[in-house]
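What follows is chain A paired twice: with chain B in the first complex and chain C in the second.
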Partner chain A sequence: MLSQREGRTKVLQSLRVMLVPGRYGLERWSFVLQRISGVAVSLYFIAHILETGNFVGGITVWTVPEYSFAEAAHQKSVELLKNPVFDVGLAVIGFLVALHTFNGLRLILTHFGFLVGKPGRPEPFEQPASLNARQRALFWLSISLAVFALLYTLDALMGVFRV
Partner chain B sequence: MTEYVKFLVYRYRPEDGKKGVYADYDVPVKKGMTVLDGLIYIKENLDPTLSVRFSCRMAICGSCGMRVNGLEMLACHTQILGLRRKHIIVEPMRNFPLLRDLVTDMTPLFMKQKALKTWLIRRDELEQENPTIQYLQSEEELGKYLQFTYCIQCGLCYSACPVVSTFPAFLGPQSLMKVYRYFADSRDEVGRERVSFVDKFEGVWRCHFAGSCSAVCPKGVDPALAIQLLRREALK
Partner chain C sequence: MLMHYLSGLGILLFGAVHIFTIFFTYPFQATIWETTLKFDSIPFAILPVYRNALLAASLFGLLLCTTVHAMNGLRTVIAELVGFRNKWVDRILIAVGVFLTVYGLRTILIAHLLV
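After this line comes the complex of A and B, so read on.
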């Protein structure tokens, strides 16, 4: 049985292993980014539901209020969220959603056994078949699409590329 | 002039009841010297209390697995000068109970393998014990699993796996790879039942393809590939 201090150390150690990619290579970075983006998008989704739920009176109300109430609540939300910090936050969420989606599609293909190569006779210093160039190209494609989503969102919300 | 490399070695003594510390040693190195040679030099000349496990010194037995500069490696298979560092940090493997200094308890790895029956099983046990025929295989049949027979059970993949670190019940890359190795072997007669052993939450479904197991394997076994192929079988 672990003591409280030992338990805390073990949890911190596990989190460090999970969140620090170290020198294990690109696939470990993919794992870490997929984890972080998954948790961040889930938290955003909860916050988004709670915020938009205010338009109909919040989580404690079970009857739909009058339209004017929803309109006022919506206006209040728009005013609260209309600042550069939330805009940049939304752009980051756009990046994370795109990354999680496209990298997730790659991982689904991998989980079905596609694009992982075949067993063979390993040669010294040879790159493992499963960590192949197609996997890496798809990961970089996911990153590229996520960066595009980030820039697109920044432009849509803040007009950074508008003349 | 003799070149010196500083070894920062993780020291842990369970009887002290304290966290481990890093002790530093200056080791004279020359071309061809491995990290294990460096540790043996420390043990013989600088600090005889250092605990390190090794046996064959030629990357066959899998005893000297440890973390060198943050990456799992066999100490006997890692050239000191090849690391191109003046400081070498040597730590025990992760995800195993630490016994002392660089020595870990490999029981979790072996128990998981045993639970998954990772050995050749024929229906006729009597015939298997006293075979009267040869179990012939074609080159193609051999190619399906040969790569996975190179595993030396060093535990480096188990140590590198981030899922085992956060979820110790996960069967781990080595055990899952072994299951695929026997599943793909035409001489084995357990068949799809082997897939059912690992078709569960702590089995193939917990692998997130971080690929670290394959990245650190000193024998090119590629456990990540075996797990994905096993998962494809589980989906059939």
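After this line comes the complex of A and C, so read on.
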């Protein structure tokens, strides 16, 4: 069993290895982004369930309330959330959701053997195998779709691309 | 692993419906704050979505799939960080998942029945 100090050091080491993909390949960036987006979207999901719960009156309401009460609770929540910081935060969540989704689809396909190509004999001094061209294309497609999601969400919330 | 993939594909299906109802049904000269995030004043506002039984059921499907996917994903990341599975982490994540499912279902049912 690890002591508390050893355990903390191990977690910090794991975090450093997990979150600093700089000297590794695109595969590692894909892994790190999938982990970061997954954790961030999970935390947002918890906040989203609590926040939508406030739309009908919050955690103390467990029966159907008066219509006017729910409408007032919704109005209060919207007033709290409608600000540029929340809008930009939600656009970033849109980016992370799209990235996690499309990169996740690539990972599912890879797991079941699609788009990975045929195994080859490793030659001496050869670079270790990483993502092939199709995998790389799918990764960059995920990034592109995530950027589109970011821009679309910004426009939907703030109307930044209106003339 | 299969459960994580299946719940992820469930999120893709139900999430597409959710994203469509909020982000693709509003008149594009406005923002969603003025349209689909309104309470009940226009056809595509929040409450009409919940009043539709099929859309409300799809929201529950999304809630269930996302809870499973998120809690299992957090469990995996925590296990990777500390290097082993901790049963207390599992129990806490299961408790959070059950709470989110019950609380989210309560919101869906109240909004569905609100008149």
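The rule we apply is simple: the second predicted complex is superposed on the first by the 154 of 163 C-alpha atoms of A that agree within 3 Å, B and C clash if a C-alpha of one lies under 4 Å from a C-alpha of the other, contacts with A are read in each partner's own complex, and residues count from 1 in each chain.
As a convention for this text, a residue touches a chain if its C-beta (ideal position, glycine included) is under 8 Å from a C-beta of that chain, and two chains touch if they have at least 3 such contacts.
Remember, predicted model here, so these are calculated numbers, not experimental data.
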Which partner does A:56 reach: the first (chain B), the second (chain C), both, or neither?
-> second
With the two structures laid over each other on chain A, which partner does A:157 touch: chain B (first), chain C (second), both, or neither?
-> second
Figure out whether A:18 sits in contact with chain B (first) or chain C (second), or with both, or with neither.
-> both
Mind working out whether A:122 is in touch with chain B, chain C, both or neither, as first, second, both or neither?
-> first
Greater residue coverage of chain A in the superposed arrangement, chain B or chain C | C
After lining up the shared chain so the two structures overlap, which partner does A:88 touch, if you call chain B first and chain C second: first, second, both or neither?
-> neither
When the two structures are overlaid on chain A, which partner does A:111 contact: first (chain B), second (chain C), both, or neither?
-> both
Shared chain A footprint, chain B vs chain C, residue numbers 14-15, 18, 35, 111
Which residues, counting only chain B, touch chain A once they are in their complex?
-> 69-71, 94, 143-148, 150, 160, 162, 165-166, 184, 208-212, 214-217, 219-222, 224-226, 228-229, 231-232, 235
The chain A residues in contact with chain B across the complex are 13-15, 17-18, 22-28, 30-31, 34-35, 107, 110-113, 116-117, 119-124, 126, 128-131
Which positions of chain A touch chain C when the two form their complex?
-> 7, 10-11, 14-15, 18, 35, 38-39, 41-42, 45-46, 49-50, 52-53, 55-57, 59, 61-65, 67, 70-71, 74-75, 78, 82, 97, 101, 104-105, 108, 111, 152-153, 156-159, 162
Inside the complex, what are the residues of chain C that reach chain A?
-> 1, 5, 8-9, 11-12, 15, 23, 26, 29-33, 37, 39-40, 46, 63, 66-67, 70-71, 73-74, 77, 80-83, 96, 100, 103-104, 106-107, 110-111, 113-115
